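What follows is chain A paired twice: with chain B in the first complex and chain C in the second.
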Partner chain A sequence: MAAGSTYTPIATQTTSSSVASVTFSSIPSTYTDLVLISNVYKTGGSGQSGVFQVNGDTGTNYSFTYINGNGTSATSGRVSSNTYGCFDLWGQSMSDTTFEEHALNFMNYSNTTTYKTILYRGNAVNKGVEQGVNLWRSTAAITSVVLYLQAGSFVTGSTFTLYGIAAA
Partner chain B sequence: MANTYTLIASNTVGLLGSATITFSSIPSTYTDLLIKSSARTDRVNTVDYYKLKFNGTATSYSERSLNGNGSAAASENNNSTSYGFNYAIDAATATTSTFSNAEFYIPNYAGSNNKSYSTDAVTENNAATAYAAFTAGLLSNTTAITSITLESANAANFVQYSTFYLYGIKNS
Partner chain C sequence: MSPILGILASSNYQRATSSYYSIATTTVGSGGASSVSFTSIPSTYTHLQIRWIGATNRASYNDDLVLRINGVTTSSYNDHRMYGNGSTVTSGRDTGTTMYVAAQGLGSTGAGANTFGVGVMDILDYTDTNKYKTLRTLAGLNYNTADTSGSYGQITLQSGFLTSTTNAITQIDFLSATSSSFLQYTQFALYGIKGA
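Coming up: the complex of A and B.
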């Protein structure tokens, strides 16, 4: 990847209190791809993963395929016709006592011809590691993303940064 | 436009090889760090493994990994180890001129929390077995990271033409 101005921070957020969700809106269409990096600390009970929706779409337009390892075994699975995508460790217990790192890659996010593919990586040393791919079945350009947990909150000090990558 | 993805330092191994790659005096002015490597060691085997240390710290690393070797997938725990470990490197008997690739991502490295990190590492080999590993790691130490060391876990040397690049990524 070229260094410098092709990897541009669009927006960054650090939670100053526990919040249920984090939103990036008014995302410009001037980049080729988007990368969203989060370093989060969670609280909550028996919830599961971190999930996301784009453009406020709550329809059953998301699907994803994942492979993960919890330190003991490796598992792969798939969810179809879902109301959200995944960016965390699907099906693993949500509570954690360490900061987790996640990365979302939105490929060709602003084109209006194809459905959108979104790669993700979840890293939680107390739970496991997961890599996966989401599909959002819409040809609309992505202009907003909301991240939230199936239960619980992002705790104070969690950070989220959205970067734009330009091909030229 | 701001330069937010910046090469901090690089290291290309010379003819004599190198046992240790160290990035030191890392400034605290970035948000995250990223190392990209293309490496091979002289261990007499098809595969070697990285030994990763932050600030020379030799305790309190824990990791969970997801691995594949071309025929099966597995997951492993490495707790309370003296260094980060589970990232494969092509070694001396792997296909000639083949160098493995790896990325090490360290978010909020200058902050006051324990340091989480992630790695992706792959080897290639013109044979039935090669390795890919994704790892989530944690150093339970709140000190800001100012140096990073990479070595062979089997006391081998990185061979000539191995390359290591350290980037700083800034969120503003």
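Coming up: the complex of A and C.
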């Protein structure tokens, strides 16, 4: 069996001011999976779900299913034929004033034969935990990802790091 | 911090990238495959991680992924899982089964020709002969349309272990729970993570 070191940082962004979105572009196709780790602080208020689009696609090509738990109850929901994918639903109905951590796994992102499925896991320390699965109905290789909030901004000090994992 | 924690415990700590190694990858060809195996897994790592995309030729929307360790087929696999189908959250468990099942970790033909299930599985301390081997999995599948049960897919959080042996893991076999064949482009990638 061959073995090679991988899990390589591709790019890191740290917000130096409040920004509406963060973009990773010109993503190389030399890896098998992408892992995007974010640690974000949002402006106050509700309606701040964290969402994403890939390759600039604003069509209704995204869908997702999720579960989350807030310490009292567990919930599952879904959205179909949507214009964006999701990595954080906590901001949808709850005011958000703490850092949240997320991990998105873009599985087999560079192949050109399958739709792309993206797993995510989110931790919101004052609210709960969440995990979900996104489908982007395109066979195109993913070359860019933009993360943004449905409302509000990523506050100064939010970090985003993209890693590449290459299979043997 | 080891990258193995990245999937289940996301963190902003810098990862030691030199500790994460690709060991082997199998991609199913145009003829499909009834199983995929990793054999002669080296003992030089501390943990294993398996990352996959997969679908089978089952005439349904989804399929369950089956994993067996070291060829063990006796009734000695236990697991717990929590999953959501977009409307309800359910918890379940298996005791004394003949396989570790990653629930709905695979797409199938009803989900669409290009729709694959995905997952990330961690196997901890796989060479430690003093421990039963523990697996943890995050798997998901979404097909953007309602299946016969009204589900549009499923997200599953699961853990399990093999209770019949503490032997080091040297072989892992993947199958479909319905004995269906893996479709072309199904891929299993095995990674090793070293300790300090």
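Just so it is clear, the second predicted complex is superposed on the first by the 155 of 168 C-alpha atoms of A that agree within 3 Å, B and C clash if a C-alpha of one lies under 4 Å from a C-alpha of the other, contacts with A are read in each partner's own complex, and residues count from 1 in each chain.
We take it that contacts are C-beta pairs under 8 Å (C-beta built on N, C-alpha and C of every residue); 3 or more make two chains touch, one makes a residue touch a chain.
All values derive from a computational prediction rather than experimental measurement.
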Touching partner for A:Asn123 - first (chain B), second (chain C), both, neither: both
Touching partner for A:Tyr7 - first (chain B), second (chain C), both, neither: both
Which of chain B and chain C A:Asn39 touches, first, second, both or neither: both
First (chain B), second (chain C), both or neither touched by A:Thr159: both
Which superposed partner A:Met107 touches (first chain B, second chain C, both, neither): second
Chain C versus chain B, contacts on chain A by residue: C
Partner chain in contact with A:Thr72 - chain B first, chain C second, else both or neither: first
Chain B versus chain C as contact partner of A:Gln131, first or second or both or neither: both
Overlap of chain C and chain B interfaces on chain A (superposed complexes): 1, 3-9, 37, 39, 67, 69, 74, 76, 101, 103, 121-123, 131, 159, 161, 163
Sites on chain C touched by chain A in the complex: 3, 6-12, 15, 17-18, 20-25, 38, 40-42, 51-53, 82-89, 112, 114-120, 138-145, 152-155, 157, 185, 187, 189, 191-192
Contacting residues of chain A [partner chain C, same complex]: 1-9, 32-33, 35, 37, 39, 63-67, 69, 74-78, 80-81, 101-103, 105, 107-108, 111, 113-115, 117, 119, 121-123, 131-135, 137, 139, 159, 161, 163, 165-168
Footprint of chain A on chain B - complex, ascending: 1-7, 31-32, 62-67, 73-77, 105, 107-108, 113-114, 116-118, 134-138, 167, 169-172
Parts of chain A lying in touch with chain B, wherever the complex brings them together: 1, 3-9, 12, 37, 39, 67-74, 76, 98-101, 103, 121-125, 127-131, 157, 159, 161, 163
